[in-house]
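Take a look at these structures.
Presented sequentially are two complexes of chain A, the first with chain B as partner and the second with chain C.
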Partner chain A sequence: MFYRLSGVHHADYVSDTRIFKLPADRNLAAFIFLFGLVAPFIIPSLYLNSYILPWLIWTAAALGLNLVTGWAGQLHLGYAAVMAVGAYSAIHAARFGIPWEFALIIGGLSSSVIGSLFAFAALRVKGLYLALTTLAMQFVMDWVLTHSPAITGGSHASLQSPTLALLGQDITSDAGYYYVAFGWCVLVTIFMLNLKRTGLGRALVAVREKDFAAAILGVNSFYYKILAFATSSFIAGVSGALLIATFFFLAAPEQFSVNVSIQVLAMVIVGGLGSVIGSYFGVALILLVPGLVNGLVVAGSAGLGTQINVETLAHIPNAVYGALIVVVLLIEPLGLGKLYGNIRDYLMVWPFDQLRK
Partner chain B sequence: MEIKQHIKAVALTAALATGATIASAQDKEPIRFGLCFDLSKSYTFISPQVAQAAQDLAMYTNDNGGIEGHPVEVIVRDHGNEPQRGVECYEQLKRDGVFIFNFLSTPVTNAVMPRAMKDENLLMQSFVGRGDAVDGEVFEWVFPVGPTYWQQAANDVAFIKEQLDGDLSNAKVGFIYLDYPFGQEPIEILKTLSEKEGFELELYPVPLPGSDQSGAWSKIRRDKPDYVISWLLAGGHVVASKEMRRNRFPIDRYLTSNWLNEVDIANIGAEEATGILRGTNVAGGQEVPIVKTMLETYYADGKGSGPESLVRDVYYNIGMAIYSAGFEAARMAIKENGWPLTPETMKTAYEALSGYDANGLMAPLSVTPEDHGGGGKTRIEQWDGEKWVPLTDWSAEYLDVVWEVIKESSEKFTVE
Partner chain C sequence: MAEEATLQVSASETIGTLLARNASHYGSSIALREKERGIWKESTWAEYVEEILACAAGLEKLGVEPGKAVLVLGDNRARLYAGMLAVSLLGAYAMPAYPGATLEELQHFLGEVEIVAAIAEDQEQVDKILEVRTAGASGIAHVIYDETRGLGFYEDDGLMSWDHLIDIGRHDLNEDPHRRESILNRTKPDDPAIFMHSSGTTGKPKGIVLSQKNVLAAARNGHAAGAFEENEDVLAYLPMAWVGDFAITVAAALLWRFTVNVPERQETVVRDMREIAPTFYLAAPRSWDQMLTTIQVGMENSTPLKKWLYRFFMDRAVAAETRKLNGESGGALEPLGRLLGEAIVFGPIKDQFGMSRLKNAFTGGEAIGEDTFVFYRALGIKLRQLYGQTENSAINAIQSPGEVRLHTVGKPVPGVELKIADDGEILIRSDSVFKGYFNKPEATAEALEGGWLRTGDAGYVEENGQLVVLGRVSEVMYTAGGERYVPNYIENRLKFSPYIKDAAVLGAGLDELTAMVCVDFEAVGHWAEVNGVPYTSYADLSQRAEVATLLHGAFKRVNNALTEPLRLQRFVSLPKEFDPDDGEITRTRKLRRKVVEERYADVVAALYDGSKEVHVSAQVTYETGEVGKVERSLPIREV
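Then we have the complex of A and B:
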């Protein structure tokens, strides 16, 4: 009913390889895009600034990780380290006086170089061994950051980022930051949506399913793995730089530590490997739900007028949040993206599929 | 004499706070303090005590007529040591009318600082965040009241110098620290002082979380330093005490930063810990007037803001110290400039705190527009098996050297 199929025929390859095969999906995407455009005028600045903005940036980052983990099937536990490379190089470039447009690209490229250099070494091994090697990369980066004041900026290692300016325009308003994040997230999303329609995307999937089978088919699996690492590292680098430039305004090693790496991986897994919309949901669950649940529990306890110890109050949301992740993965191991897909598929021909039963 | 002074001061504070406004205190607009703390992850060894101290102090103030008639509201939230949630908490409370914040976590304070400085909201960041934030000329809205780690280390060196009869030229000082920014912070100042005073400095880095120190201590056994300054946390002290015993290093030559509390002493063993040294800016124990008042007024009837065990912890006194200074600044601000209390008047009042010691609770604070730390005075105390015995008076040494480091670091902070 909602996803009307009648009148939708794909008579040629071009139409069959469209991003949105159903008008309903396309309309929904267009609606969300338009909503995103007018969001600063509708949504109160608190939510825009401290929920939606980080959500968009982390979604872009999670999509990058999804490229390497979901599409190419390579477990990556050092993603935050790659983001750190991008963030620090972009900020240093900007502090040096390079315009932000180039600084962001420099950030992305340096992440790309470091990320794929590491992949060169790491890809000699597979599976869990690769995961451990990428974890090693994270630890190396943590160590480098905490031991080089020249990079991390002196006392207690925090480096302030210069004011973001794009196309000659200083960006200082909440709406400005939001549009930058929104623009970047849309770009990455479009790239990822298109990826599965390209030869590159198909090659990555072939490598993921069985890399030596892909090799027999003439897909150079090593080349594509490196390519996946390089592309995802580029996305990570720019996302890391934007995270600092539009949200934290100051880079510190803890923002890119090992638990952040694991968090991004959790976003991708809870959202659904290889799912674009899943990444959005996954980030929302991992990033925003702890804060929201915390707010709800605090409001609830205040509303009931109960005197709960502050420490207990802080631990209840953690328990709720943990339970939520377990429940989601129990209901649908393929993640929130698949959960959405199930609902969509169910509604596809509803209520007519009920007639046969 | 001293007791008499205390009584007088208590009476004075009570009189000032009470005024003639007890009845109307609850009707007036409250003064809100935002406490976005890490109550569930890494800082749980200190945050509950500080939060409880703030709540108790607010309760006591409100029961005695509030601050110049205005009640104090302490809003406690958890951010789980995640910068993103800290920002969220800041943005939320900012809109609820809070302009005095405390995050009690280095990563979160760092993440929020640029926002707070841009919005011109006050950031209380005692003991966390950048050390150079005491430079009030650069970090105008940040009040890290208390000693920086640099100043603590400098005071420690001064103490060692005094113990070695004023001559450090033949001395050897060891520095054992957690190998990440918290522990690395004092290194620079120690190096400068070692050049200045001519003592030999040996560094012993220990990986996080400080449970493996065997390598460091066997090196200390070989090097035989006169004193070991320690920048370890919680369990790290317990491991260090075991290693000291094994390597026959006298525990009365082990000088810690302010992060050593009753829990750590209990874990080491009260008897075993006899002789351990600690540099601190607050008086520990329950004999301090304000802590005693809290125990008598609330905890005796079970009306405290949390378990009594947390009150018997030096970190509770640290919390009291942080918030006494904050409340005092609010009081002075309203007294000088009347209601409404604004970030500007609060800032001016903070910067006018002079010789304030919250009735013997802490080292006298003299905050100025240049020095937001309040002078950085500490004293060295020794554990005698049952309680802490102060060995020195409140003092801050090598101020020129410390401020050189502060200025050098803070000037690199600002960017356009």
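Then we have the complex of A and C:
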């Protein structure tokens, strides 16, 4: 209904490979971007910084994991560990007096190095074995963090993040934090959108579909897997550092524990493997819905005047939230991104039921 | 009279001067888009004119000169258009032929005029020309082809790729700096623009040469009447050998600087149309019907909600449009319904078919069914009727946006004088009327009388100046009882049913009227699928009793509109479609009455001798040129 395709034609291949070929998609993206820009003036800072900001940073992180899992097809259960490497490296660098711009890059690069070093070893195996190996990485990193006072200050200590400053400007306001997160998320999104139309993206997809078939086509699958791990680790590292710098302000080992890894993976799977818009939805569902359901249940029970004891009340949201994930995956195993795609397709052929021959 | 003067083609205007004007004044605007592997390759006027000039210079080297002809054979291709213009720059005859033209048709063309070269689309057409050459037409010394695929190992004499021709021409142009100007200024307005053929419903096609003055006058007249504006986007999908295509995509495009969009292949026209979304679109009623069928079948397969929404808005819009055509005014809520309908149903449908930018939509060539006409008007497409013929460069009369009625074809366009002869025939005088049939003085004398063209159509002019066309004068027939009827009129009414593709009404000199019909395979096939009617082939489907019931309904509706003695009594559904390759219809899908009546003489006899069944063996020409036979017993159905 909203998608008008007539008159959309391409006079050269450059125009044919644009990210948003349809005016409707282009307008929607532009609208969301503009909304993101003016959000601090519209949305109260409580919501902005406790919901939108973590949503954006986790989306950036989830997009990084999507690169490895969704595009290159490699299961990764140690993503939080890679984020931790970036977070701790960046904060230490900042504490050492290195400007934040470089500290963030150092964080990204060290994640990238550790992540790809590890991948060198882990990629000798495939599939479930790779998943287990990456899980091992997570546990190794957990152990290292809790047992290295030099890095974390010890198992129960936390590391204070110095004041964030970018381009010589101290960032202390809520809007400032938001814009940093927004900027990073936009950057990663643009990167991921472009990935689809590059040789790199196509090589990754070839590796995902069948790595030895890709090898027959002349795609060095081991090289591309390493590349995917390295790139994704870089995004993880910067996202981890920004998460501390703009949201937690303190770094502690349990912020990057194994259940965080599982959670990010859940975001990617619920959102849809290989889907950019899906990552946004997946993060929203995993990160924001529990709070929302909690609020609804509490408000509902108060409104109805029911006498539910506190313990039950604490469990209901979890059950509802779990059920929600199951329902989403039952309705559309390919995730929320595919659900969005279905709606888009429905409107695309409106009022017909299928594309004409 | 000042206005009159501007409507006349300025005395010195030719294709050459217009090309020069476009190249120098509008050199950077887009003249052509041709789709190739999914990409619309654009050429500006400057590039296009340069290519035409190179082609003209090359052709001249090959011996193309005034009085000789160049055959243009193929589907719409940018290079074939450039080739036609190049030939007319040299003052020679560019002779487009239908891509499906058979050997005999081509040989007939060869008998008319000396053809010295041919421009062919691809290997298939090159093969055809080589075949004609082996069959005796050694005069075609040069064959130029556009698509090189499959032609690498051909070693025939005079075979040359388009690029090679352009190279020769370009080399020639670069040697003499004045060569470009001399080619552009060579022809005069009375020199030929194109060598067309009449459709040949009654005999061999007659050669029709339209001069540059003719076609440019038609383009100017059409513009003055509001048929098109400057800078329209048009889709070049009509057969190149049809005058409508030349009038719009060549003559009007040149004069009013259209962007001509050439689709990738015939099969991709529908998709390409959506990608381009033309602002001007001319189609035969058949194409509009086909699109209507596609829309209806699509909606039929849709979900209940969407079907309901479609019905809700469409029914109201159709009712409103019918009221408007009858001159009544609508209710207060009509504009609101229009607005909502446009957003929810009409806009998306128009978008799906690439009609969302359509400002000037025309139907021409035949009468259009009321349902179809009203449907498109209701959809918000300002569909209008156009009346014209080859002899008059395609544009005689058009409806203006405000005064659309179903039974009229509008007022004569400015620059066209029209009067009705005593016997009811429409006569036309204009700059766009041709000089006469090629080498056929008798036929010319018959068609042209003191500058007036006898159109061969019967009609009258209403009080408000609107022209009404009744049908072909030569087609007025009488039954044994002396009842006067126009078979074409009844056939068109039959064809308004989506289930009937072609029809032949019989009854001249006989007691009552009967008909032979060919069902529409797509529409009836879909109907059969939905209603669980099994069938194996067209021949099988056409004879099913259920289908006969369906056709019955269509006949009943037509009979209701006819007077008692002219009602159709019996009909036979034929086991094969009429096909131009079999000679039953012309390439523009007009019925060749004589051929059909001869070929189906058994059926005609059976329709009147009271038998219940008739055995038929119909001739089928396959695309390879082989001839086969379809044998079948056909039941004769009473209406």
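Quick note on the criterion: the second predicted complex is superposed on the first by the 346 of 357 C-alpha atoms of A that agree within 3 Å, B and C clash if a C-alpha of one lies under 4 Å from a C-alpha of the other, contacts with A are read in each partner's own complex, and residues count from 1 in each chain.
Throughout what follows, contacts are C-beta pairs under 8 Å (C-beta built on N, C-alpha and C of every residue); 3 or more make two chains touch, one makes a residue touch a chain.
Predicted model only: the values in this text are computed from it and were never measured.
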item	value
Which superposed partner A:Phe222 touches (first chain B, second chain C, both, neither)	neither
Chain B versus chain C as contact partner of A:Val310, first or second or both or neither	first
Which of chain B and chain C A:Phe139 touches, first, second, both or neither	neither
Which superposed partner A:Phe191 touches (first chain B, second chain C, both, neither)	neither
Partner chain in contact with A:Val8 - chain B first, chain C second, else both or neither	second
Partner chain(s) touched by A:Asn49 [first = chain B, second = chain C, both, neither]	first
On chain A, the residue positions that both chain B and chain C contact, one per complex	none
Of chain C, residues touching chain A in the complex	33, 38-42, 270, 274-277, 294, 298-299, 301-303, 306, 309-310, 343-345, 347-357
Chain A to chain C touching residues, read off their complex	1, 4-13, 16, 349-354, 356
Chain A to chain B touching residues, read off their complex	46, 49-51, 54, 95, 146-147, 153-158, 160-163, 247-250, 252-255, 287, 290-291, 294-295, 298, 309-311, 313-315, 317-318
Complex interface listing, chain B residues touching chain A	37, 39-40, 44, 48, 51-52, 55, 76-78, 80, 82-85, 87-89, 91-92, 95, 106-107, 110-111, 113-115, 129-132, 179-182, 184-185, 306-307, 409-410, 412-416
